[in-house]
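Two complexes are shown next, each including subunit A; its partner changes from subunit B in the first to subunit C in the second.
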Partner chain A sequence: MNVTLSSSELKKEGIEKTAQLSGANFFSCYQCGKCTAGCPASEFMDIPPHEVIRLLQIGQIEEILEKNSIWICASCITCAVRCPKGVDLAKIMEALRQIVLRKNVNYVHPSSVSKEELRTLPQIALIANFRKLTG
Partner chain B sequence: MEVVSYMPGCTLKTSGRNFEKSAITLFDILGVTMEELDRWVCCGTTYSLSSDNIMNQLAPVRTLLRAKETGRRELLVLCSMCYNTLRRAQSLVLHDKEKRDKINEFMYREKTTFDGDEIRVVHLLNYLKDSVGFERVAKRVVKKPSDLKIALYYGCMLLRPHEVSVDESSEDPTIMEELFSLCGVTPVYFPFKTECCGSYQTVNQRDMVLSRAERIVGSAAKNGADMIVVSCPLCCHNLDSSQQRVADTVRGFRKIPVMYISQLLALLVGADDAGDYRLHSVDPRPVLKEKGLIG
Partner chain C sequence: MIKSARLNSVGVFVCHCGINIASTVDIEEVKRQLAGYPGVEFVKDYQYMCSEPGQLLFKEACRSETVGGVVVASCSPRLHETTFRRAAAEAGMNPYRVEIANIREQCSWVHHDEKEKATIKAVDIIKSVIERSKRNESLSSVSIKTVKKVLVVGAGISGMQAALNIANSGIETYLLDREPSIGGRMAQLSETFPTLDCSQCILTPRMVEVGQNKRITLMTYSEVEEVSGYVGNFKVKVRRKAAYVDWDKCTGCGLCSEKCPKKVPSEFDRSLGRRKAIYSQFPQAVPNKTVIDRESCLYFKTGKCRLCVEACPLGAIDFEQEDRIEEIEVGAIVVATGYDLYEKEKIEEYRIGYCEDVIDGLAFERLLSSSGPTQGRVLRPSDGTVPKEVVFIQCVGSRDPDHHLPYCSRICCMYTAKHAMLYKHRVPDGQPYVFYMDIRSGGKNYEEFVQRTIEEERVLYIRGRVARLYRDGKKVVVVGADTISGKKIEIRADMVVLAMAMRPSGGIGELSKKLKIQVDQNGFLSEAHPKLRPVETLTRGVFLAGCAQAPKDITDTVSQAGAAASMVLELLSNEELTHSPTTAWVDEELCAGCGQCVAQCAYGAIELDTRRKKAHVNDILCQGCGACVAACPSAAVNQRNFSISQYYSMIESIV
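For the complex of A and B:
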């Protein structure tokens, strides 16, 4: 993990927005790693969930957004129910996704889903996926 | 005959139709009529996790309004994702006055408001436990499967967050174990019962879902399960349709059929079949025949 402390306005804005959209206090996280231990997606993430929180605490929002972690999260809410400090990491992941998606950037392009997949995937998979990963 | 208002959701009309059909059969036998709401809309499938997004609460709230208009106090839901979304929307409206007012203002053309306490969103399992009674279900069982072992899979949306959990424990739930044990079926030890299947990442992170399926189904197989029982059409898809691809690459992987709660229950209480078997990737018929559940 690359750590550079900085307090530029842009970063501050991102941190404030994350706090506002998630309603979660990520400063109370004490880095125990329980969220990562139970996360079904962490092995596919560039950086694990507890590191996402650490980077937020030190204002490194760009570094989080360069990594795939927020897009791999499956919103299973396991981290949020297990965190001993009551940090709702699932909501933080959502807030970070929203910060990107609200700039009209899509992570998934519905047109790239093949006809075969459209035929076989249940609607709830498609709707949930587009709800989470498109702007 | 008892009547209960019911919201199917989109997937129960298509790939998950075995879930709906078998539940209707089951309820018929139990003496309860499931009355589908005249109008309902897609719940949005995932509850909005960002605090300022009220727009996405409108769809579930409108469905709750339709439920209120029936004059009944309960809304039965089968699909885990609909259950979670509707239940959380209801709870948001009940507890957040500011958002409640905003939502009702926006829906000013509706004949009535929704205040959050008019409707209880009830999942199939809780309805069977609290309104029908597990004992009453068990009394209806006519088929005694010879030594059928099942892995009961809860996934995420029936349990998390804790406020909406169908069981007192969201870490080690036992409501399904209780039901099926009473009905004469043996649940196996299944430590992966609350692990996420990968959910909607099945659309663009297929490898992750395959790896989840390998572990979850693998655990059920290792513990001797003949079948996995689920309550979510997305879990069902991810666990069922991934198995062939896992079996192609993982030596010794044993495929296991995946069925909905109501499919197995309907068979136990005497239904002739559990729906359209073509909707299954791993055909459940060999196991069902072997255990004497179908002819």
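For the complex of A and C:
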């Protein structure tokens, strides 16, 4: 897939929003990959943490939101502690999750869950089901 | 009478500096406002005053009978004050009657949004300088005789090169190093990129040349104790450390070391080998003399042993020796104190993986060196086996502003490629891996060298940083990422080589204070100007060379040392040096002898005559900073052409 870049593409709302919510400067990332190397969950992610940052740098936030990476992230902050450039990747992951959650869209409607499932599933799994992409 | 009338009148030139000044300051308006100002003989403007035609105009004015001084309203005096003063001298006017009014850095550049106000400010600046100029004295430079001798501190390849260049031009040179031998880090290296010349083979002829040079006095195992004086006339106290061996007798035969029972890790071999308590640094040491390491010596510790005394056929061992202070006088100093490596213990996330088989780049050089502890065979320090999987990690401690050092160490990309290549030459069935972030190979034949390593030697380059190391049995597991494929990578290595960041040699802070030179935010010595004065410091007469200034390879080190030598030669080619006469002086009638000025002077230029209770300024030492003028409670100190009355008239002209 070709990506067409322009100044408006690079500064579009989702990108600015992520920067604002996280308070992190993802433009200082120089793609060394130390976050990915240290991340205990990266092997289960569709795209590794450093690529999440790269996609933000080139304005491709939609692609990030389609992938499971932000939901796999365990917020262990290993990435943020190790990053040589002080990029707080854990906060960026959280900001991206917030962007999705604040849309208030349920991926699975509560009415479609059967009584049986409601009884057996733990609450956390139900919430994950409704709002996250890992249900 | 006529003469003083002439001295009180000034000509003014207003420079456009292209559009730098003229697009903000209204030049015509400035001229209108200054015309007719008391004492102004004429006001002229020109596109570029510093250009040749501009200077011709200026010189013409200097030659005219009607003006006693000239004010050039242009850029900062730091840039062209010398240009115009020199031009004035050529035209027969006293150079100290020329003043610069800075209407660029202090006006047009900072006020380009407010043109009208900028014009008013420019007029004010010029008026105040006119007032000062009218009261200037015709000063003449202070001249200083120079001592035609040079001290080079640090005898690595940079210090040796500078010393040779200077000595071969006929000037006596002292070459000082705190280690027993000259040679520096280059003596520890195996082969050098990109040609793979054997480092010792190209270094030792130079070392011998230095040792044999009649004009070079070696002062090894010595440190700079104290520096006083000034350009052309430095006085340096040198601490000659006690070697506990009489070097006049010692021939370096090594019989003492053979007999010495005490073994300790060798610094030269980065602890991969051992040396004795009495030792010579390496076989080709210059001078080839031994020293006793007091900390390890059994006799110093327990009062018993003295086996070396028995072994030495020349009776050279001397436990009574003490440090000696020797004083030398030199006209210039070159600082070439080189580098150390950043300590690997500081990398927290790697530490649990540390063992004898995780080493730094210099230790790997010792393993590769044919004169090293393994005679050039690559063997694991832990068990002496041949490592088959070797991981090289670049940028360790470098380019990490958040935890370690922000800068690129500049040479580790190249030496890592060299290490991987040489490892392949020694262990053809081994597999080297290199973790890197970028490859910086911008030197002649450098990129080709790296490409050869990748293509011909099949070294696997992995683009990513390593997050951690841990131990698993005899292996060190390296966990990194390959950012190109997006995969997390694990390698079970037999040996790991860390390309540790380069940092300035330990002790550089104290040395720079003694020499009154500056260090930058990373501790490297600061050059006077990053582009145009790369080997000078801001202290006149003190020059820089090699890795003490910034990380660099041998090629650049040698070039820079040559440049420093040529600056020294230029300086000392004058029988006398001149010094700005805008120095401070004490009005003895007002001086109360309180001594406050003495405490303020950073250059030690003021002395207090305690008997007469009067302060006195040494013209040669005074740098004209004005600190004493501000400090004197009796207003007894004045600076020539910056007098307090001049300042009052400057202020009056604008308020």
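Keep in mind that, in the parts below, the second predicted complex is superposed on the first by the 95 of 135 C-alpha atoms of A that agree within 3 Å, B and C clash if a C-alpha of one lies under 4 Å from a C-alpha of the other, contacts with A are read in each partner's own complex, and residues count from 1 in each chain.
Here is the rule we go by: a residue touches a chain if its C-beta (ideal position, glycine included) is under 8 Å from a C-beta of that chain, and two chains touch if they have at least 3 such contacts.
Computed from a prediction, not measured in an experiment: that's the story for all the values here.
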Dominant contact partner of subunit A by residue count, subunit C or subunit B: B
Touching partner for A:Q60 - first (subunit B), second (subunit C), both, neither: neither
Which superposed partner A:T18 touches (first subunit B, second subunit C, both, neither): neither
Touching partner for A:S69 - first (subunit B), second (subunit C), both, neither: neither
Subunit B versus subunit C as contact partner of A:P84, first or second or both or neither: second
Contacts of A:A95 with subunit B and subunit C, given as first, second, both or neither: first
Residues of subunit A contacting subunit B in one complex and subunit C in the other: 43, 78
Footprint of subunit A on subunit C - complex, ascending: 349, 399-404, 437, 463-468, 479-483, 486-489
Interfacial residue positions of subunit A with respect to subunit B in the complex: 20-23, 40-41, 43-44, 72, 74-78, 80-81, 90-91, 93-95, 98, 108, 113, 117, 120-129, 131-133
For the subunit B and subunit A complex, residues of the former touching the latter: 9-11, 14-16, 42, 44-46, 48-53, 56, 79, 81, 156, 160-162, 170-171, 195-196, 198-205, 207-208, 211-212, 233-234, 236-237, 241
Subunit A residues touching subunit C - in the complex, by the definition given at the top: 30-39, 42-43, 47-48, 50-51, 78, 82-86
